[in-house]
Amino acid sequence: MVSESQVQNKDEPALHIEGLSMRFETRRVLKQIDLQLPAGQSLCLCGANGAGKSTLLRIIAGLLHPSAGKVRVQGYDLREKPQEAKPLIGVISHKSMLYPELTVEENLTFTAQLYGVKDSRDRVKQLLHDTRLYGYRFDRTEILSRGMLQRLAICRALVHNPCILLADEPFTGLDLPSSQHLVAVLHKFHQAGGAIIMTTHDTHYGLECCERIAVLDQAELIFDAPVDQIDRIRFLDDYLTYARQNY
Amino acid sequence: MNSLYHGIKAIFVKDLVLELRAKEVLPSMVVLGMLIVLVLRLVSQVGDLNLGAMGVGALWIAFLFAALLAQERSFAAEQHQDCINGLLLAPIDAGAIYLAKLLVNIVMLGIFEVIIVPLVILAFDLNLAGGFGRLILVLLLGNLAISSVGTLFSAMVQVSRVRGSLLSILVFAILLPMMVPATFALLITFGINPDDMAGTGMVALTGNFRTAVGFLVAFDAIFITASWLLFGFVVQE
Amino acid sequence: MRRYFLCLSLILLVGAAWLALSVGQVDEVVRNIVYFHVPSSISALSCFTLILICSIGFLASKKSAWDYLATAAAEVGLVCATILNITGMIFSHQQWGVWWTPEPKLITSAILWFLYVAYLILRSGIATARRRGQLCAVFGIIAFIDVPLVFISARVTRGNHPGNVGFASGGQWAAFGLNILAVALLSAMLIWLRYDILKGKSQMEQQLFS
């Protein structure tokens, strides 16, 4: 699904966040976040509700302007060079961003055209085959089940061959087969050299899909370590205790 | 530049497909327009009013209400499943999104004009004295004005709880200045010369077709530019 | 501090009214309404300009202080615009027998009122403070562009609004000037008060809900 071509500059980190702060009125939502994601690495971001995870992801996606700090995607500053940086980012969220009255194929073709994808027809065809949605290509998205919709949303996120995938609570509302399919897709994307940042409440999915795990608490990054260097069971235990205290 | 064109084209085609596929927008616009024309024709008969002037008034009122119907829908579709964010994630300028939506609204209103204008001419027994070219010009300029302001405001009211009514209030309030020259120009096009509408006060605009059209052109240019520049603030956070 | 200015403005207003009706009285009694009509007009237009400045300020800096100031200006401006239109209508009825006529200045006054109302209705319909500030700022700028266009377009129609105000005696000028000052001061104080209330309310809400 993912070709190597988008990962242009292997030397540059996929994502570089420097001194990122965000405040809404007088409330500090993010405080001096520094984060570097090397090309091809996957990161799981955990934290309580209101910790700032979604806000951080929206800033990285370019949907929100931070109060301070810089975001660089493969070396391109998101604010100063959005035309170069945005095509490198793909987003999956719990909202599908799909038009209900357009067909499966039309939705993907539209997204491909939006990103200026060359040979969009072939690309869309290939993606639909990969996710076993080719048979539904003439169906309007309003009739698709939640699982199929999620698969299509994933196609939508990957149609322009991004180098980094942002997944905001992607497992919300998915049944077991759909969740497993999503895990498989994320693995495949990662193996092809793509970087991933995922936010989730479901820490064991996070540990399963990602190489690195970080915890955001009260606007700050309080924990950041590679998954293979931590004791998973102890981490889950500690996280559960922390979650109970904070909810 | 190339990507700008592709982005605008993609959104334009997508929106046009959505609008025409919905099959409820254009018919409701036309039916509403026809009803307005009917009511005003009846009123002018009962009150023995100047048919020509009433006809022109009916035309603009029908345009305004029909346009509001179409414009409200144009951004409502983007609210579903966060589609507007889908557009903002792409490497397109917010201004490009505005231009694409503007073009769609112009086309929809244009189709409506093609249907309703002959009906008004028939109902109010209007005579195309000024020529077909003048008619097209005035209708186009009026279309641009209504579409430019309406596109911006329909994006604005999506966050509000009272979308439809708020859109009408905002649009009518802002569009008032163009109603006078537009009516004026259309009256002249239909051969009704408002002689006693000479200018007043110090620097008077002597009412003639050219000044009215000039004003409309200026209005359109100002509002399209302002809306295009400010659109980013409306959709982005 | 503000209390003193408020009292001062009220005293000035009363003083100006007394001056207007005694020394500065214009021939026909009803014409004295000009002493309130013109200052309200100046105030209404100034508040509108203030909204423009605040809108640009908010879009540039995203600081909510600009938003509070714009709201305060809109509320006070609406009051001024209401007085403007009502006094205009009273005068029009007395002078020409019609309550209202589509004449450039009258149309502009009416539209000004509608734009204020539209601004406030837009405000009340949006829940999030940030979005509210942004959208109202955009509307504020568009509305400001609109006002001169209304005036120019309405020039095509004929009208009978009196020309520039001219006074005979010094007493009349004094009353006029004093009224302008009084209304301007009162408006400024009310805007300042309202701004503080809005700011305080927002801070309280943040403390309660965060």
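Per-chain numbering from 1; labels A, B and C assigned in written order.
By definition in this document, contacts are C-beta pairs under 8 Å (C-beta built on N, C-alpha and C of every residue); 3 or more make two chains touch, one makes a residue touch a chain.
On a predicted model such as this, the values are computed, not experimentally measured, just so you know.
Distance between Cα centroids is largest for the pairing of subunit A with C. Located most centrally within the structure is B, per distance between chain CA means and the overall CA mean. Look at where the CA atoms of subunit B average out and do the same for subunit C: the two points lie 30 Å apart. Taking each chain's centre as the average of its CA atoms, subunit A and subunit B sit 41 Å apart.
If you average the CA atoms of subunit A and of subunit C, the two centres end up 50 Å from each other.
Multi-chain contact residues of subunit C (touching two or more other chains) are listed as 130. Multi-chain contact residues of subunit B, defined as those touching 2 or more other chains: 237. Across the complex, subunit B meets subunit C through its residues 149, 152, 156-157, 159-162, 166, 169-170, 172-174, 176-181, 184, 196-201, 203-205, 207, 211-212, 215, 219, 222-223, 226-227, 230, 233-234, 237.
Contact residues on subunit C toward subunit B in their complex (touch as defined above): 59, 103-104, 107, 111, 114-115, 117-118, 121-122, 125-128, 130-131, 134-135, 137-139, 141-143, 145-146, 149-150, 152-159, 163. If you check the complex, the residues on subunit A that touch subunit C are 24-27. Listed in rising order, the residues of subunit B touching subunit A in the complex are 2-3, 6-7, 9-11, 14, 17-18, 21-22, 77, 80-83, 85-92, 236-237.
The residues of subunit C lying in touch with subunit A in their complex are 64, 129-130, 202-203, 206, 210.
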